[in-house]
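Below: the structure, in structure tokens.
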Amino acid sequence: MSGAPLCATLLVCCPDRKGLVAALAQLLYDHGANLLEAHQHADAADKMFFQRIHFDMDELDIPRDQLEDLLRIECGRYGMRWRISYSDRLKRVAILVSRFEHCLQDLLLRRRLGELACEIPLILSNHPDLQSVAEQNGIPYHVFPITAASKAEQEAREIALLEEHEIDLIVLARYMQVLSQEFTERFPERIINIHHSTLPAFVGARPYHQAHERGVKLIGATAHYATSELDEGPIIAQDVEPASHDDTVDDLVRKGRDVERMVLARAVRWHLEDRIIAHGRRTIIFH
Amino acid sequence: MSGAPLCATLLVCCPDRKGLVAALAQLLYDHGANLLEAHQHADAADKMFFQRIHFDMDELDIPRDQLEDLLRIECGRYGMRWRISYSDRLKRVAILVSRFEHCLQDLLLRRRLGELACEIPLILSNHPDLQSVAEQNGIPYHVFPITAASKAEQEAREIALLEEHEIDLIVLARYMQVLSQEFTERFPERIINIHHSTLPAFVGARPYHQAHERGVKLIGATAHYATSELDEGPIIAQDVEPASHDDTVDDLVRKGRDVERMVLARAVRWHLEDRIIAHGRRTIIFH
Amino acid sequence: MSGAPLCATLLVCCPDRKGLVAALAQLLYDHGANLLEAHQHADAADKMFFQRIHFDMDELDIPRDQLEDLLRIECGRYGMRWRISYSDRLKRVAILVSRFEHCLQDLLLRRRLGELACEIPLILSNHPDLQSVAEQNGIPYHVFPITAASKAEQEAREIALLEEHEIDLIVLARYMQVLSQEFTERFPERIINIHHSTLPAFVGARPYHQAHERGVKLIGATAHYATSELDEGPIIAQDVEPASHDDTVDDLVRKGRDVERMVLARAVRWHLEDRIIAHGRRTIIFH
Amino acid sequence: MSGAPLCATLLVCCPDRKGLVAALAQLLYDHGANLLEAHQHADAADKMFFQRIHFDMDELDIPRDQLEDLLRIECGRYGMRWRISYSDRLKRVAILVSRFEHCLQDLLLRRRLGELACEIPLILSNHPDLQSVAEQNGIPYHVFPITAASKAEQEAREIALLEEHEIDLIVLARYMQVLSQEFTERFPERIINIHHSTLPAFVGARPYHQAHERGVKLIGATAHYATSELDEGPIIAQDVEPASHDDTVDDLVRKGRDVERMVLARAVRWHLEDRIIAHGRRTIIFH
């Protein structure tokens, strides 16, 4: 990827009105940006405007802080929420795990293969089990055992560590603890969770046992931004695997693992590529 | 299909014990049957035995009523539920519809193309809308308008008509009336329904509007045997289509139609080919 | 759909350079257009620019012929290929069939359901078999029997009929005749064909027999624009269905039909919604 | 899995005739076997019989060598090819790799998770690159650099090593060397390979570049038994991922990796579970 041009990605969201595409395109053009991809979506029901612009900065005629000043002014005129990121500043990702390794391994493999453009400065866990995986990948591993009594205190320490490391994205890679409202609200649209999904959905313990008893023919997974409403945040990605009566509970768990890691990796990649805007309970995802 | 051999399909289900496969295989072999496909499944949790045997009868050395006598005796020894069907006796299917034509058209097309080996002696509806579709296919169309007041009486008339026509399978092809418990219990494992399925599931009115507001990334459908528990009968088939933020409610409805008709056709075909055993809330499906 | 706003869709394609998005967006904004969707794609290898703009014309301050004059001038400046279509002018589609009805029925059903915004003024065939399907849908059906000797003459008559009816799109819905180069070149990017696809691919007669002998585990279909290179035009859509050793040749043919009609309908819908730009041997498809 | 019953899996294949199911089921029943799953398939075209029987041996009344003697006699009567394997004797798998790690990592992860019941006593490679992966998993890693001049000699050394370690299955996990005919014929139906598959197929170098230029909409992979005909052995599993014009060559390669490792893992699992019978250029796979 050396020699790749310096690029930026701009995401904006505001109430819809005429002229928004022209205004931003003109501003960027006036300063030498070369648009590589631009997708705009207007939501008819909400009357909202969403846009992603991915552009080459190599011939930009102003420094990026001045570009951001101009964007701040222009976006301010239209009441836009906006954010911009740059290809030379990798996002910093923390992965939270418990005992299951499949999602963690998958994310680490994909990063090695160049699929996920990010740094992973730390892995956090409530269990020591996956320490050696972190070590093999040269990533510090921090254990925060959690009990009902210690939860608030331990979460505070975790939050401090995450902020100290300037973490942009927190990935719950089968982290088996429910985050407190304080935690999720500290990192809005910056925590991605993965959970199983079946048709019908099963709540409570041992979902795969319930799915087996009910004889479902699909096993699925959903990746979403974590909010204070458990498993109710904006959905980013979903997929399923076929199941049959032949499948034991172990088989369903295996299929669940396959679809979990594929769906989680997809969601993380889209976030790292600034393809997602969360809006209320929904996401807009630009491909 | 002329010149196809005369075949039979035997489905059995009983508490598991040793020797069941040998006993049935021996009985059929002793009388000249040629096994074409035989699948056996033992459920480890339930300790139940399920088997489907598809065999060529051309060299059977006894008439089929005597074969059935022997099966009755043998299956009786093991406490087996069993049923047999023959390739020269097409199942008789009634289709129940309301106003949506997509599932009905799909079933009729597949029957014309030879995908569904059945007769369709009648179509029932609570609305006159699809009369012309029935006529184009040369199938009598009976309208039973249903109100809260008339429901019991109309259902009684429908049941009488279905029994008079010796209907083997009732397909609810987007029939928008809930059948009474009397109705579903009259035709156990003989009514197939199709309904939308999403992750999460939405109950109540306008499911596609709810799915749109929630931003689901998959639109699915489930075909199941209808029981007195609404939408809770044994699941036969499920599938999904990807959805995105770009999809309007109309788009979700369109995707729902596609997956509904594919899934319903699959379930009906499997039933007609005697591939399904319902057991409690689950199905065993032999492929 | 009554009460839907009057909309236009603009597709453009040209060598990439800076300022293209701004130029078009500004032109449309200056005259009161409200952009509903705008997707831009820059091909890094080819240095080509592709864009689709879908906009609301209700508050346009000039008549559409003047808008087209302005577009002609602006697009001329950049060497753009462009075309525009309007939601109040339905595309006119001719369907060509032979003896198989599944794709034809599917397209007609989808049009009735409102999935395909088009008129279908005529169906052409080299066989009389599907006359009644056309009649049931109130569409004139023209039979042009084709022999090696008559092919050139019959194609000339077909072309004359298609041009007389101002046909925008020709759909080969399992039309089992190879079109001559003269025919395909008369309607560039305006003929959509569907054909089977397997891994590996089988050429020559009886592809499903070959696929069965080879034991393929997927049955697929490809929709593409027809060009003078048989089955080699730009690919629009592809999909597959799983297959197994249990599948007879008839089963493979059935699965082929399912995937053919889904894929063909998808390609036709995208064309009708002006989502496709063909570029060389490839397509850009805006979602 | 401790406490799991001792099980055996019997695969048989012979010209079809009546009584085969009964004969084997009776033999097993007579000696106390409890059938857990039994699937039989008769190929109508070939007149061949295929069967997989999975049975519980806990109450078997003879030792397994005597059972094998009886099977040898019985299978001999019918001209059956047969093989049996036991749950207490894990298959021994060698993995051959070059420089790509994704398939290797996936197989090792799945083994750790209990998805693949096997031992992996050695990893062979023509490059040293993946040495550390092997070490992290405690598996000996043998490097056999291959040049045109050294190929025959190096292959002979590899074969000797594989035989010394009593390897049951050789998995080519993106091993970028073509095996000689001597090699493949030494391990018939015991070498599984994975390769990319697209529609249409591209031969020669840089298939993903060709696929990108051609604008394919699906990226697939095929797992098959390796034979002396390159990439032409019996197909075990195939799958695809959707692709679009947005995908760069790197994206296609990434999608290829995803589908490669899923498909390869599936094929290896089915082989380890004795679910596959190769017959000519096809496979029968019992689920």
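We just call them A, B, C and D in the order they show up, numbering each chain from 1.
The criterion applied here is as follows: contacts are C-beta pairs under 8 Å (C-beta built on N, C-alpha and C of every residue); 3 or more make two chains touch, one makes a residue touch a chain.
Keep in mind the model is a prediction, meaning the values are calculated, not measured.
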Most distant chain from subunit B, judged by the mean position of its C-alpha atoms: A
Between B-D and C-D, the pair joined by more C-beta contacts: C-D
Distance from the mean Cα position of subunit D to that of subunit B, given in whole angstrom: 36
Separation of subunit C from subunit D, taking each centre as the mean of its C-alpha atoms, in whole Å: 42
Multi-partner residues of subunit B (at least 2 other chains): 37, 41, 44, 244, 246, 287
Footprint of subunit A on subunit C - complex, ascending: 18-22, 25-26, 28-29, 32-42, 44, 59, 287
Contact footprint of subunit B on subunit C as seen in their complex: 37, 101-102, 105, 109, 112-115, 136, 244, 246, 250, 254, 257-258, 262, 287
Subunit B-facing residues of subunit A, complex: 41, 43-45, 197-201, 213-218, 220, 222, 234-240, 244-246, 248, 281-285
